[in-house]
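Following: one structure in structure tokens, then a few remarks.
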Amino acid sequence: MTTGDAQIAVVLDDGPNMPARGMVRRVLGATFTRTGAVGGLIWIVLLVLLAVFAPLLANSHPILMSRDGTVSSPLLSHLTAVDITLLVAFFSALLLAGVRWLMRAFKSRLSQSRFGAPGVMTWITIVALTGLVAWWMVPPRYAQVLSQYREAQVAGELDWAILAPIPYSPTDRQRDSLSATNIDPRLLLPSPAHWMGTTADGEDVASRMIHASRIALAIGMIATGIALVLGVTIGGLMGYFSGWVDLLGMRLVEVFSAIPVIFLLIMIVAFYGRSLYLMMVILGLTGWVGYAVYVRAEFLKLRNTDFVVAARALGLPLWSVLFRHMLPNGITPVLVLASFSVAGMILTESTLSFLGLGLVEEPSWGQLLNQARSAGSQWGLVVFPGLAIFLTVLAYNLIGEALRDALDPHAQRSSMM
Amino acid sequence: MLGYIVRRLLLMVPTLLGVLAVVFFIMAFSPGGFGGREMGAEGQVTEGQDARRLRKQMERRYGNNLPKVVQFGRWLNQVSPVGFTMSGDIVFDDSTLAEVRAALADMPLNTHPQSLDRAVGVTLNIAAYRNENPRDVAAMLRTQLADPVEAMSLFAKFDVKLDEYVARRLKERLKTLSLREGGLPRAQNELLDELAFEISGVSRVRFDQPGFKWPDLGTSLKGRRVSALLAERVPVTMLLNVITLPIIYTIAIFSGVTAARRRGASFDVGIGLTFVALWSVPVMWTGVMLMEYFANVRYFHIFPAVGLHSMRADEMPFLPMWTQSGFTPGWLLDMIWHLILPVFCLTYGGLAVMTKVMRGAVLDNLASDYIRTARAKGVPANQVLWRHVLANSLLPLITMASGLIPSLFVGAVVVESIFSINGMGKLSIEAAFAKDREVVMATTLIAAMLGLGAEILRDVCYAIADPRVSYE
Amino acid sequence: MTQSTRHDQPLLQIRDLAVSFPVSRESRHRGHRVRAVNRVNLTIYPQQTLAVVGESGCGKSVTALSTLQLIPTPPGKYDSGRIIWDAGVEQSPPVDLLKLSERQMRSIRGNQIAMIFQEPMTSLNPVYTIGDQILEAILLHQQVSRRQAVEIAESALRDVGIADPGGRLREYPHQLSGGMRQRVMIAMALACQPRLLLADEPTTALDVTIQAQILELLRELQTRRGMSVLLITHDLGVVAENADVVAVMYAGRVVEYGSVHTVFDNPLHPYTRGLFTSMPLLGGDRHRLTAIPGNVPDPSNFPTGCPFHPRCAAMQGDAKCVEHDPPLLEIEPGHWAACWHVSGYDEGLAAVPDVAYRRDAATVAADPD
């Protein structure tokens, strides 16, 4: 419970007027006392860990090996820019959270509210810098002979090697398998060697599953982020200015809510090609309507309240009135929407991948499920990707439900959800 | 109420225009453009002169060479029931037709019955396109065709500028043929062939003929009328939805009411958990699992895997019956058997939301003052529930319907693709893959109209169900 | 009093009624129950108006709802008591309403005992017409055809002073004003000629002018039909004008009971006295209204002993008040009170409150209050 609580509180820490802050804190507190929401949070944290440590968990490159007496780590030297950025982001977040906790613990004068925002800013700077540097420094690797280590091991060229728990990269098609062990690596059933079996191309399903958690998380978070920013901005402007801005905005809302999103997505992917980033942007561009409608209604109510009039009378700039004074008072229910929307985005991405409109090279759960249609008796392909999508969507939905119940004073607390 | 419906229908128009514009320009500004694959724009299907010719012909047919806004305008004019007639849609009366036929009847080119038809067709096309008198055009065609090489100027009548290579080749061919003994009819026919090919589907907006007309959804890249395609596909999707909606509502109402009555009991908790879980199960997973385990010879081959009918469905009697050869399930039962898995996939997702809404509404109403009044009157508990509570609890369910219908459409895209059902969802995927502009636009139009129509229907139903709401 | 013998038989006797509810659904209060009504005794005679007075949450409504078994169980629970209903008809002997099955109860509800509620705005089902709702009650209890039922409904509406009853039957509740809706509620309640009307704050939600009209209407109908009324209110003015007998309730207990004159002329209980001093009087000599200090006790944190002692002016640090809950005793003939500090309480009789007094129309008009 405290993790979520702290994070949101951090975001709002800097605000000046905030009766809203206590509200957010209280709602999140009430949310994460529920079994369902806690379960959901645990699953998502697990996914985050899998996503961050994917290259260390499933990789054809040995973690450490010794060839002719020289010890090397092919795994580390083959990390991509994304891998490095994610790892740095994770550990710097841990470090900063640790610092914050220490400051709290020692009740230092800097502690409490003032550390939050600078902390987040520092973190973003670190991640952005690492990303840039990694992008620039780490050369992209196109062709990798992923079976070379196994072949070398069989040939006795290696003194010793420490392999990853799942010693297959997501794109490792085990071309050596047939010649070396006389086993056709395609569509193997789940076994100790391949926990979830292999695909029709001979790739390890478990490895692909782990690496695919990145896409699922990234799509959900980033697309929702884009939708949130767009929706809140458009809805805020509509509500604040009302009049013709509102009129125009509402027509836009109507248009976008009249097009089935999945249909638009299929079309855009078909006409513009497949790309992870494009998909995130499109999902974001089509998902903002709900937020806009909600924030608009909220701002229409707020625009004439005393504290907003006072803020305007003080001559504060528009963005400050909108986002520092009005937004925090209407933001909590948006969290409910966001939670459900992350679930929806993940579902949409896997639907597209399933329909064969997803990513080509990157592993994705939906794409694995699509392969299951022609996988014959390889039940690992049917069960595990579907289960992963289900659990992730369920996790976000449970959190959303709990949030909504926590927000709604009339809600009947029917169960432990 | 009628006035309200008309007003809402009129308000639908700008929204529809917006939707269509968004979709149209997304396609128009894409790197490949429309119909990329068939037209060889990506250079992957065919190359060479024929491909280029085909592409140019397509361009003329769909107006792809025009500015994008003009293209959109043309398309709108084409689908709008009010607008300018397209030259291709102009129909001449029978007497004119007979006159033209008579005027061309004794031409040497009539070696084959179809030759005359084609000549008449070209004549009428020119007349419609140029807005000239068909008789004059027929006379002109007669004189022009006397010299096939000279008659190549006819292409200009359609603003068709032949590819230099094609023009040269045609000219050579016509020259050779007309020099040959008795080659004139063949030369004339070849010219008409060429002309008919180039101008097929080429149409011009006749600004001089405004008025009401039949909306035309155009022709797909594969040459089928889009309206025929839709007439085949839309009913299938509608059937799925029409079956699914009542099932969702029935189950949601019963389980919602029961959960509310036994609030906090194990049934309530159980149904809450089950439905939130069901809500999160991706449709494609269910679909693939059902296909894998219930429609597969390897496990339980209980259900069919493909389509809506068995292969021999057309020969079956409508109802199940016993014949000498044993039991025949019949057409209807066969279809129901095919529908079970797809409908199941479409149903379960909507249940969670609807049940939750129903449960909340029933709980709210059970605690309301008028329920207390009804009980104080001596109304039996069951009657209180099913008469007083239900009537009020249905209101939020009506509101939810307009959100459910688009989501069923999304479900249909996936379900139809898993179970190989030729419905609108599958059509829209196929159309998007083929970059088939006319079909994509038509499916967009239908989907948007269904969505907006559902909203109007919802508001009307709401007004009927709740006497407090009135739109007058 | 010169009524017939049947007239002197009580119509309704509430004896030792106790109803409890769970404090809250939250887990920390699990198992804790609060007595919304604690050993309440009331007696209503035919053609009598018994007014139950008290602040909100004192158990007035729960008492009335219990009479019709309308307390939802669970969460509510009838802990003890009997509610004896004696319609005074040969074929139906006295019954304990709390022991009746749901089925038997349904023939009492709306038929012999009817109830009207505080909120006319929300007490009618918004999706059915007035006609639907009145007819439902009539058709449930009377063996009549639909056509006859419509006539009964129309005459019921006419009785409550609604013009064009035929047209009104086809209207929906939202098309009527608050006062009209309360008239419809009364018509609906009285359509089956009940012997007892439970009126739960029937005028609280209405405008002052409408309030007077509705009360006048009730009084007139009561006289005409000879029915009894259990009038629940927190308005002492309403009590003074309408009631024959008054029961003052506090925290689920009856703390004072007597005929309207006895109680109004000589209020014994400190709470009743507090109520009087907090009431504005037309032409009265008091210029300041005195509020009773403190609040109605919090159900989850109920005081020991006399529930009124934290707010009581008469207590003066008496340990008895904190430790022992005073029972309701008959201090003087026809006047009951529950307070250790009432003079003569020690000699009070442990009799069940029972006052058959009714004032006739003449005294009502001449009433100085």
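By letter and in written order, the chains are A, B and C; residue numbering begins at 1 in each of them.
Everything that follows uses one rule, which is that a contact is a pair of C-beta atoms (placed from the backbone, for glycine too) under 8 Å apart; a residue touches a chain by one contact, two chains touch by 3 or more.
Quantities reported herein were computed from a predicted structural model and do not represent experimental measurements.
Undergrad: Which contact partners do chain B and chain C have in common?
TA: Shared contacts of chain B and chain C: no chain.
Undergrad: Whose C-alpha centre lies nearest the centre of all protein C-alpha atoms?
TA: Smallest centre-to-centre distance to the global C-alpha mean: chain A.
Undergrad: Where the CA atoms of chain B average out and where those of chain C average out, how many Å apart are those spots?
TA: 67
Undergrad: Between chain A and chain C, what's the gap in Å when you average each chain's C-alpha atoms?
TA: 61
Undergrad: Just curious, how far off is chain B from chain A if you go by their C-alpha centres, in Å?
TA: 36
Undergrad: Give me the residues of chain A that touch two or more other chains.
TA: none
Undergrad: Which of the residues in chain B end up touching chain A in this complex?
TA: It is residues 14-16, 18-19, 22-23, 26-27, 30-32, 259, 263-264, 268-269, 272-273, 276-277, 279-285, 288-289, 291-292, 298, 359-360, 363-364, 406, 409-410, 413-414, 417-418, 428-429, 432-433, 435, 440, 443-444, 447-448, 451-452 of chain B that touch chain A.
Undergrad: In the complex, go through chain C and note every residue touching chain B.
TA: Per the touch definition, chain C meets chain B at residues 65, 68, 70, 102, 105-111, 114-115, 117, 119, 122-129, 133, 136-137, 140-141, 172, 174, 185, 188-189.
Undergrad: Which chain A residues qualify as touching chain B in the complex?
TA: That would be residues 36, 251-252, 254-264, 266-273, 343, 347, 350-351, 354-355, 366, 369-370, 372-373, 376-377, 379, 382-383, 385-387, 389-390, 393-394, 397-398, 401, 410, 412, 414-417 of chain A.
Undergrad: Where on chain B is chain C touching in the complex?
TA: Touch residues, chain B against chain C: 368-370, 372-381, 388, 391-392, 465-468.
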